[in-house]
Amino acid sequence: MTSHELPLGSVADLVARALHEDLAGGDLTTEACIDADAMARASAVARGAMVACGGAVFEQVFRAIDPSLVVERVAAEGERVGDGTTVWTVRGRARSILMGERVALNFVQRMIGIATMARSYVDALPEGSTTRITDIRKTTPGLRILERYAVRVGGAHNHRDNLGSAVLIKDNHIAACGGVGTAISRARARAPHTSRIECEVDSLEQLDQALAAGADIVLLDNMDDDTVREAVRRAKGRAITEASGGITLARIPALARLGVDVISAGALTHSVKSADVGLDFA
Amino acid sequence: MTSHELPLGSVADLVARALHEDLAGGDLTTEACIDADAMARASAVARGAMVACGGAVFEQVFRAIDPSLVVERVAAEGERVGDGTTVWTVRGRARSILMGERVALNFVQRMIGIATMARSYVDALPEGSTTRITDIRKTTPGLRILERYAVRVGGAHNHRDNLGSAVLIKDNHIAACGGVGTAISRARARAPHTSRIECEVDSLEQLDQALAAGADIVLLDNMDDDTVREAVRRAKGRAITEASGGITLARIPALARLGVDVISAGALTHSVKSADVGLDFA
Amino acid sequence: MTSHELPLGSVADLVARALHEDLAGGDLTTEACIDADAMARASAVARGAMVACGGAVFEQVFRAIDPSLVVERVAAEGERVGDGTTVWTVRGRARSILMGERVALNFVQRMIGIATMARSYVDALPEGSTTRITDIRKTTPGLRILERYAVRVGGAHNHRDNLGSAVLIKDNHIAACGGVGTAISRARARAPHTSRIECEVDSLEQLDQALAAGADIVLLDNMDDDTVREAVRRAKGRAITEASGGITLARIPALARLGVDVISAGALTHSVKSADVGLDFA
Amino acid sequence: MTSHELPLGSVADLVARALHEDLAGGDLTTEACIDADAMARASAVARGAMVACGGAVFEQVFRAIDPSLVVERVAAEGERVGDGTTVWTVRGRARSILMGERVALNFVQRMIGIATMARSYVDALPEGSTTRITDIRKTTPGLRILERYAVRVGGAHNHRDNLGSAVLIKDNHIAACGGVGTAISRARARAPHTSRIECEVDSLEQLDQALAAGADIVLLDNMDDDTVREAVRRAKGRAITEASGGITLARIPALARLGVDVISAGALTHSVKSADVGLDFA
Amino acid sequence: MTSHELPLGSVADLVARALHEDLAGGDLTTEACIDADAMARASAVARGAMVACGGAVFEQVFRAIDPSLVVERVAAEGERVGDGTTVWTVRGRARSILMGERVALNFVQRMIGIATMARSYVDALPEGSTTRITDIRKTTPGLRILERYAVRVGGAHNHRDNLGSAVLIKDNHIAACGGVGTAISRARARAPHTSRIECEVDSLEQLDQALAAGADIVLLDNMDDDTVREAVRRAKGRAITEASGGITLARIPALARLGVDVISAGALTHSVKSADVGLDFA
Amino acid sequence: MTSHELPLGSVADLVARALHEDLAGGDLTTEACIDADAMARASAVARGAMVACGGAVFEQVFRAIDPSLVVERVAAEGERVGDGTTVWTVRGRARSILMGERVALNFVQRMIGIATMARSYVDALPEGSTTRITDIRKTTPGLRILERYAVRVGGAHNHRDNLGSAVLIKDNHIAACGGVGTAISRARARAPHTSRIECEVDSLEQLDQALAAGADIVLLDNMDDDTVREAVRRAKGRAITEASGGITLARIPALARLGVDVISAGALTHSVKSADVGLDFA
């Protein structure tokens, strides 16, 4: 299993803001009900099968509230855990744990939800398939770093990080340039040589134009199976093929069998059900 | 229709961060393909039935990129719009519109998704019901202000804003205090007199203790219909009843008929499918 | 003595800003006069009787400058200390202590000033009184979290945290609604069920309207003793009574004897004399 | 009357934070009670005699909430206004005005309080006196820019802005250097040539040492009148004299008559009573 | 001439910080010497030949201080201007212009310096050359967005924006993987399909390995002319060639004639002489 | 060797921003090529003679990425090191070191470049000279704290920190006041008594006016040697003389021999070549 990095410096700021959002007015209940020196131990427990993700964020939340809390990561990032499994534990001052519980869970339930959905998409690929599943830029504003990480932890891949990482020519760009060829050559002339040029095509004619113009990647937008099959045939050896647009889990096996190189799915990040993870006190 | 306020000062910072996330490296494609002085007009169009929500955020995103853009809000906040309806429009420099498109949509697709789900929950209430539907604190870290607003726009209500707004005594607090009565009296002694005291109960015995101790609100946690009915009967005139725990749309009518005052559902914010809104260029 | 929590995550940012304000240009004097490896030990000493408050902030300031500094909290938060008492000590690099001295004192002198004033108001309550003293939202912009904490440390209570925590209907709201009854019912229909509804009244007639409309709390605005007495009589068992408006220490005993539940005093935070605390080097 | 500048760029951030502190959870009461399109006009009215200060902040608060609000500054900064005088007005959406009322007043009540106190100290100087009154660094953490401005508006002067603006050698620095002379020469060797060197002295012997070492300013710390008189005599023509330490309004005339050049008073900022300014709706 | 975009949202924050750095303590001189209502007009004038760059930043600085200032951009971005040319003008309150002068110049002198140096590198390319000149990630911490923009304005290109935009395998990565082939295949397996894979090689053997492993780009590190010529021959049609390492202006023509596709030069941003631009008052 | 302080609290924020700029999208290459548990040790090695500077920043960068990294500072701040010298080392997780490498070097290469240039200016002073070399406010926006520190580490001095630290009257101020005398007296009346008054003069006549008006410092703007000599003669014992304007290394010895007290050179910060420092992995 590859190990993925989550740059902690950037996470610290997100955690600080989330804690401020929930705690700037204090925790009325905990301050009233829990003795200041009471100690506790709590376990983050999976309620259902899921893919562990976000241990570093879980730890960061509690450590930001109280550096004396001790977090143990029981499950590895990306590990599949079953119902009832303890994923992580935290122990120390009971007040500190209770004050951070909701924020920690709000973060990791979303991250686990994404990792688990990504995993299911990857698992839906036929045995031996080399097709890769990717996210797109439909991430929660401000949380992209966490969501792209969760996609990787789930075994899928990332698309371009942002508008400055790579070129993706869409219909409006093509229209403004008067055609696919001009759009691609203008992009080639301006974009860093380290960035690939991807061009969205919605017909085989546009595909041919994009291939002729030297697109590195062609995005096959909302095409039916037959068109995808033909597009893959034409692009073979000339450009990477990416199927996109309304991708659902059900369509993954068929698309992969058609031989597309990449299937990109906004659903991985924009329509995720938070995983059910509870914090159980021992 | 009540009109809801979204404090713009706090939104500006969220918008700035989201734009920085997507645009700090520039927009390679747009800079290459679109002339600097090209003008355009685009419409945010609903693909399906939904509840309009987030017009102020939509406008703020585009104005932050380019103060010369003009946004028109066609649909009112909270208005039900059908498939193909134009919700808002933006016009001005084509580059500026394209650079903000994804960020604007990422915000409003989520807000509309929440407002639309809230609407469906509220619509599921029986005719004449006085039961209110509320969110809980299971919001996306950092975006609570937007998500609670969307819940209201959808016709539902908000639960407490954060840990400092009201008291909610849960099992760990009760355990630490040695009982419901002590927990409630300690909370009463400490919390602002402007905050109500809510106590989670998972049995009729705990309910009786909470009522005896003077809880303002009792949270009926994961109770079946019969228990809820009896709890409502016992609490009548003594405390507000709130049904919570694994609430789904399907259960709303029955719970409302049982007479609970409040049904709180984390699903309104933590498991939302982004609404399908496209930005169509004229 | 109850122990109060000060969420450290939110405090860290305030401390960083205050240090930047004083130290962004360096400390000319200390860099010139103190050897880099000189060590020192300094004590925060009370000059006069006061209530200890802000130990966590004192520590945070010095640790932010130099994590190797060691702070010892001699007095407990809320402890009454006499003239000449050492409240906290700090030891380590002399330069680091001198660079943080003024910022640390500026924070804690204000916090101790508030805690001490709050204590004096609480001490002015007659023996056995159940009346509670509270702050209001007249806090220093940006420092509310510290000032409300100091109020609690001094033995008083907090009013609502902010405009989103609870409802407080004032004259302009009443005027806009055309009367107390409408204002209260509109607020009830919109506010979270976890928030109480408070209504400001300036006459017994308004009081009667507020009680009839079901206000949870009535704010008796600037009433004389006789009116307060009658208001308390009418509200008994129906609403919490809060005396407010130009409250001074001198009036506390009389108001408490009249039986009001709450006395709220903006003076606790908006007109505080900083406590005289010095940092004495051993 | 000199006109003082308040750098607006730095103020905008303070205002944004203060608004977030009070409004992140919305304004429950105003949203419920005030129609979205109701308009209003409100006047900031002095309750008592005071010195107008903070008009730019007052305006910035309301404009940050709602750029369509119109603020009129009736009184000039630094103008003495009597009881009942309208200082500024704001008009526009009633909701926006009510949402900003408390934050705006919290800022300006403090600023006016400082300006008014500064004015009273300056007014206490004997006719024709050239002594100047100054603040010191005992300002509210994070608000120094506003408070120093208010001091100037009140007719007094500022001391050094922060630890990097000028040198002020205190007892600990002297002790570390083994004497006044060494401390001053080390400071002279390191500090920018644009900064003056001030040295705190608590006896006439120390004064002589400081003068001999070429201090630009001598801070006469907590000296009685006779000692101050003699110190002024010895320093005449050699160094600026500054009386400091426990300065009260009552002592201003005498100190000025003794001929000190500067009287510095921490009370101007650390122990200010907020001015009573109300926002009256027309 | 292509027109380059500088995302203003991200620039606003840099400008606010720079202004705070210089103006948090006010502008002593201007407040004393310039009347509050004095008006002025000033021109940013080139002292020597240079490439205009940073007009939007120049404007943003002055507008952040005082929205009533009017900036006129006389020269277009990227335009070559001669000694004595007016590049931009600003007019309005004299105080506001003087307060922003230094910050505005500090920004644009650096941006113009970079654009001018980039221009000189591009101009050194032989007639008809298709070699492109690029920056690398050796930018001033925090100002990358401005510096990469200036490189483009000068006619050069950008390399990858940051560590997440594209892959660049260096000696340490190769060593850790045990060889070029493994490093490239691991990177291919992990990186977004939108990112190219670049591999640094310091010998023809490594070059062959990189080509065999399918590198998209080969970075020819510090190679002499003969080696570069041979590397270009071998890579022709298989990978983009990039010459890097100690690139100076003098070597550009020769390298271009050898046929490398890209010459990357850290000097464009890390060792720039600020352009001499003065602000002349009319 | 004096030891200089770099306030770490203010540095932390700069480091966090720089890391976010380079790492928000992760490090594609390192995540792919380096095992998560691989350890490494790397040395920052001088390539050429230079003055060590920025060890605290070097350490802060790596610690912000990974608190488990261990940094050893081999060379002292300000120490002259020769080609091939190890200045600092860092050891720990290889991934963490590689992720921070570029940001750490971008900071310290600039700081060392400044310190080394400052050193060369100071070394150019004739034996026994008491003239001091200073920077001016031509620093990189946002990095002033680091650059002024580097100037000091190089043995030079700082000029005023910002517009609020001291007065510097320039031609526009003089023109607005109608003359040098008025400008100086207005500045004296307004500026803190802790700030010196400097006045720019471009002729001997203006010099005489400035001296007559009591300027503390006269800035001799772009004067030739003969004029400087005469100016120094006239100012002797009356004001500090500062030569400024187009100062180059070559002119330092002559200016110092003319007896000016201060030579201020913007080149120390605005036109610095980054030092060549490499990070060599053992």
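Letters are used for the chains, namely A, B, C, D, E and F, taken in the order the chains are written, and counting of residues starts over at 1 for each.
Everything that follows uses one rule, which is that contacts are C-beta pairs under 8 Å (C-beta built on N, C-alpha and C of every residue); 3 or more make two chains touch, one makes a residue touch a chain.
Just so it is clear, the structure is predicted and the values come from calculations on it, not from any experiment.
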{"item": "Most distant chain from subunit E by Cα centroid", "value": "C"}
{"item": "Copy pair subunit E, subunit F: interface residue numbering same or different (half cut)", "value": "same"}
{"item": "Subunit D-subunit F separation of Cα centroids, rounded to whole Å", "value": "31"}
{"item": "Chain centre separation in whole Å, for subunit E relative to subunit D (CA means)", "value": "43"}
{"item": "Residues of subunit C whose C-beta touches two or more other chains", "value": "2, 21, 23-27, 30-31, 35, 99, 161-162, 164-166, 168, 190, 192, 195"}
{"item": "Residues of subunit E touching subunit A in the complex", "value": "2, 132, 134, 157-161, 164-166, 168, 190, 192-196, 198, 217, 240, 242, 261-262"}
{"item": "Of all residues in subunit A, those that touch subunit C in their complex", "value": "15-16, 19-20, 23-27, 30-32, 35-36, 64-66, 95, 99"}
{"item": "Sites on subunit F touched by subunit E in the complex", "value": "14-15, 17-18, 21-35, 38, 40, 94, 98-99, 102-103, 105-107, 109-110, 113, 137-144, 162-170, 172-177, 183, 186-187, 189-192, 195, 270-274, 281"}
{"item": "Subunit D - residues contacting subunit E, complex", "value": "2-10, 12-13, 145, 148-149, 161-162, 165"}
